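Structure provided below as structure tokens; questions to follow.
Chain nomenclature is as follows: A, B and C, assigned in order of appearance, with residue numbering initiated at 1 for each chain independently.
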Amino acid sequence: MDEKRLLEVRDLKVHFFTDDGVVKAVDGVSFHVDKGETLAVVGESGSGKSVTSLAIMRLIPTPPGRIVGGQVLFRGKDGQVKDLTRLSEAEMRRIRGNDIAMIFQEPMTSLNPVYTVGDQIAEAIMLHQGKSRKEAMELAAHMLDLVGIPEPKKRLANYPHQMSGGMRQRVMIAMALSCNPSLLIADEPTTALDVTIQAQILELMKRLQEELGMAILFITHNLGVVAEMADRVVVMYAGRVVEQADVVPLFKDPLHPYTRGLLHSVPRLDLAAERRERLEAIPGNVPNPLYLPPGCAFHPRCKHYVEGLCDREVPPLEDTGDGRQVRCVRWREIREVRA
Amino acid sequence: MERLSSSTARTQLVLRQFRKHRLAVWGGRILLVLYLMAAFAGFFSPYDPNYYELYPPKGNHPPTRIHFVDPETGRLSRPFVYATKRSIDPVTLQPRYEEDPSQGKFYLRFFVRTPDQPYTVFKVFRSDLRLIGVDPPGRIFLMGTDNFGRDLFSRIVYGGQVSLTIGILSALVSFALGLLLGGIAGYFSGRPFALSLPPRAWRGWSGVLGLVGLLLWLAVAAGVLFLAWSFVRLSPGKGVFSLAVDGVVLLLGFGGALLILWKVFREPLKLDPDDLIMRTVEIIAAIPSLFLLISLRAVFPTNIDPLITFYLVVGLLGFIGWGGLARVVRGIVLSVREMDYVQAARALGASDGRIIARHILPATASYVIVSLSLTIPGFILGESGLSFLGLGVTEPYTSWGLLLQSAQQGGFASFTDRPWVLWPGFFIFLSVLSWNFLGDGLRDALDPRRKA
Amino acid sequence: MNGNHVLLEIRDLKKHFPIRGGILSRVVGSVKAVDGVSFAIKKGEVLGLVGESGSGKTTVGRTLLRLIEPTGGRILFDGQDITDLPKDKLRPYRRRMQIIFQDPFSSLNPRMTVGDIIAEPLIIHGIGKTPQERTERVAELLKLVGLSPDHMRRYPHEFSGGQRQRIGIARALAVAPDFIVADEPVSALDVSIQAQVVNLLQDLKEELGLTLLFIAHDLAVVEYISDRVAVMYLGKVMEVASSKELYRNPKHPYTEALLSAVPIPDPTVKRERIVLQGDIPSPINPPSGCVFRTRCRYALPECAQVVPELKEVAPGHYKACIRDDIL
């Protein structure tokens, strides 16, 4: 693995075995995260973005889910590259929280309501760094200060319910970063928050990344947040990566019809004054993961669909030559027409 | 999350889930057999439950041994039994029974008629057809006899009629109460009704009602005053202390009456039905249920018609059991009441009745079904307990609890000398366990989270 | 149609939820969810109502439909004061005012078929005498919202979020209302589905001449669909203006901050962001004077003294702020 690579996911497959059949939630996903960069994984419900992040952490509920194939290569703090899918549960526990930390969408439910905030942060520190309780508490106060919580020493004694949603998410971030992980997985961290609070949390994450240098794997459905946070973007649809590119070219020149449709379907405040026509909606529904359409899973909703071409085989994820990848048999035509 | 758009009907889904729970399926099958036996008790029991012979007496007869091998030829034969000879043990003075091959073999026969012991099915159809039997004077006691010589198996089958139906009937009574009161508490929570209306709010019909209400409250105030006066009049009235008590009571009486009048004239007295019902539930729940059951039972005489006793037990069990259900139903109703689809119905101008019938009650259905199946075994045990204490059903009716009670007559020795008298206990155990398994299975199958 | 005809007006609407405590459940305080809100919606107009959680926007929507009883103020629908109308007198108005909900999963009764759900309003109001007539009407409504009449016999759980939202819209349209409160109708939907529902609402509005109160926290969507926008904060209206004017030229410090907080889906756009400090104060104990002053970067000592009135600062542009020297 390349020296600057921190995480490399190769052909990851996560299937859920339900009464109604096998759900291929993640079906051959590959991407990488470099040290210190922010990779955004964008997708709607059922795209497999959250399952991917849980699979990296090996937190897939088993049964019904299971990682059925692929590798998750990760460079630990000691410089060694390990395949996380092959580690024992005990080895994995040393990675979680210490090397890779995670924050979730619901700051209400991801904190234990019966322990103080201080106890919960200190616990993680004591577990991974072998510090005494006193040292851990001091570090916890330092972390709260770092994430911009006023009067951190006092706040350590608070219970989660005594804090607002935004405060709780700050506590979650403090807890996640307390062991100085090299990768932070943020699964829709601002979705449950109000816009003004979301702005605070995004600013905070950017600042902390500058100060601490960790890489961020940012899972979201919000394209605005992606544009603001990401260095590179992976777009997922129905369990597969459909496009991968740096953030600026992706927004400027989306190659996959789904990415394009997604960008055009959201109303934009900054263009409000000029434009007043209808939104370009993507027709149809997000497919049922049990009965995915054959061939390209997006073809029933795609305006570039060609019968006999798109509905036969799953198109390969092609390199476009300029560091981008796209999973569409017609990407060259689409690019030419636009140019 | 995107929902799965399979068109499998809801009931099919539930059935499929249920079938996966093997214990529950077995529970259901066992219950089916038990209830069929109770329904067609005459057919399944070899004898009338109250039939016994005076001579020769058959009291405390052990279960009859059924022979499959002919001792003369040593070969397999049609099942048969021998008649028994009774003797008295010289040490324990208990009867002993020995097989008496000299009277010949009595072959086990199916679908026999017993013209001397007719029975009715559901009190309508007369019959004397029985599943198994042997020709007299041979007798077959599958589970032995009681101290009178009555066939225990027949009595158990008939006892099942009482024990098994009392469970269901009491559950229905308590569910009717629980659903109604819990539903009212939940739906009308936060909408207190007026117990009185002050004169300044009287308009039209509310004025008439207000006047009636006011008169009632005046009567209540007068009653309070009268109580205080009665206390003073009846007290011995000697000594300073007694006089002081009289004075305080009279003062309290006046104060209370004035307070009531002042209240009802000034502002409407409002009572939230939720508070009223839930506090009642809490009070009932605070009294130990067996104690409550016994003291309630003690209110009624013991020497009343056995059938009335049966319904009394049903009523009592139902009365102590509704609280828990009412509490949960209230909770469900409170949460469903705030669901958007109920708000949508309100926005459409639907009446309270329509909202309750179409939107709220159906939401409690799966909980009620599960809860019902888990409550019934409790009532079966309750009946056994009451009958065991001699407060339940009485002769000539019988029930498993009553059978167990007569089993323990004779002290511990009765269990060691005549272990077959414990068979009713086994049936209680079997039915309670089966209901519980069935309830578990239903809960898992109907649990909405499973399909989410 | 008279363009200036006011269909719905609320005046100084208030809703305070009592907080009970102690063993006697006495009222120990109140949540001032809506605290003196006034606005008017003209016939055929879409008024957007934006605000963050706790701003009281949803309560306004439910109170003006009398799904929640107001604590104070007046509600006027088509010139008639409906604030105190008893239930039976209110029923004709229930036919004219409808609501669409945010959560497409809790707004449809899971135990009823789609046909029954849409037919319920018809039964309640006696529209369509026979079951066949009603079935025809339900089929029409399903087609109107872009679903197939075959869907009638299915249950809500068989549909996706976007389809369920369409069913909810069909139910609201069944009584042919003049006015609809759309309470966050797209915020629970996937991004690619949101646009479909927004477009549908816009088409229906034009086809049927509907008047809409569009409640949402997503400023971009509100700006897109609304003619005018009212911004709420902590139970009060901070600013009202036409949607173009509001975005181009926000006059209230809160609107300014709110707009700058919305992330723009374009990585090349770089702008100065105003990050508001702290959290929204509790509506049990709102700040004195201007409720926004605790997070406002322009706040003066006077802001704690006076409750600012909503006043016209430009034609059709109102704001509740005492500082006229800013923005």
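One rule holds in what follows: a contact is a pair of C-beta atoms (placed from the backbone, for glycine too) under 8 Å apart; a residue touches a chain by one contact, two chains touch by 3 or more.
Model, not experiment: these values are computed from the prediction.
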Leading chain pair when contacts are tallied as C-beta pairs: A-C
Central chain of the complex, centres being mean CA coordinates: C
Centre-of-Cα separation between subunit C and subunit B, whole angstrom: 51
Centroid distance [mean C-alpha coordinates] between subunit C and subunit A, Å: 32
Subunit A and subunit B, separation of their C-alpha mean positions in angstrom: 56
In subunit B, residues with contacts to at least two other chains: 2, 5-6
Overlap residues in subunit A, where contacts from two or more other chains coincide: 45, 285-286
For subunit C, residues contacting two or more additional chains: 160-161
In the complex, subunit C residues that touch subunit A: 52-53, 160-163, 190-196, 198-199, 202, 217, 219-221, 223-224, 243-244, 247-248, 257-269, 273, 275-277, 279-280
Subunit C partner contacts - residues on subunit B that touch it in the complex: 2-3, 5-7, 10, 275, 339-341, 343-350, 354, 358-359, 362-363, 448, 451
Partner subunit B, residues of subunit C touching it in the complex: 25, 62, 65, 67, 90-91, 94-95, 97-99, 101-103, 106-112, 120-121, 124-125, 154-155, 157-161, 168, 171-172, 175
Subunit C-facing residues of subunit A, complex: 44-45, 164, 166-167, 194-200, 202-203, 221-228, 230, 247-248, 251-252, 261-263, 265-270, 272-273, 278-283, 285-286, 301
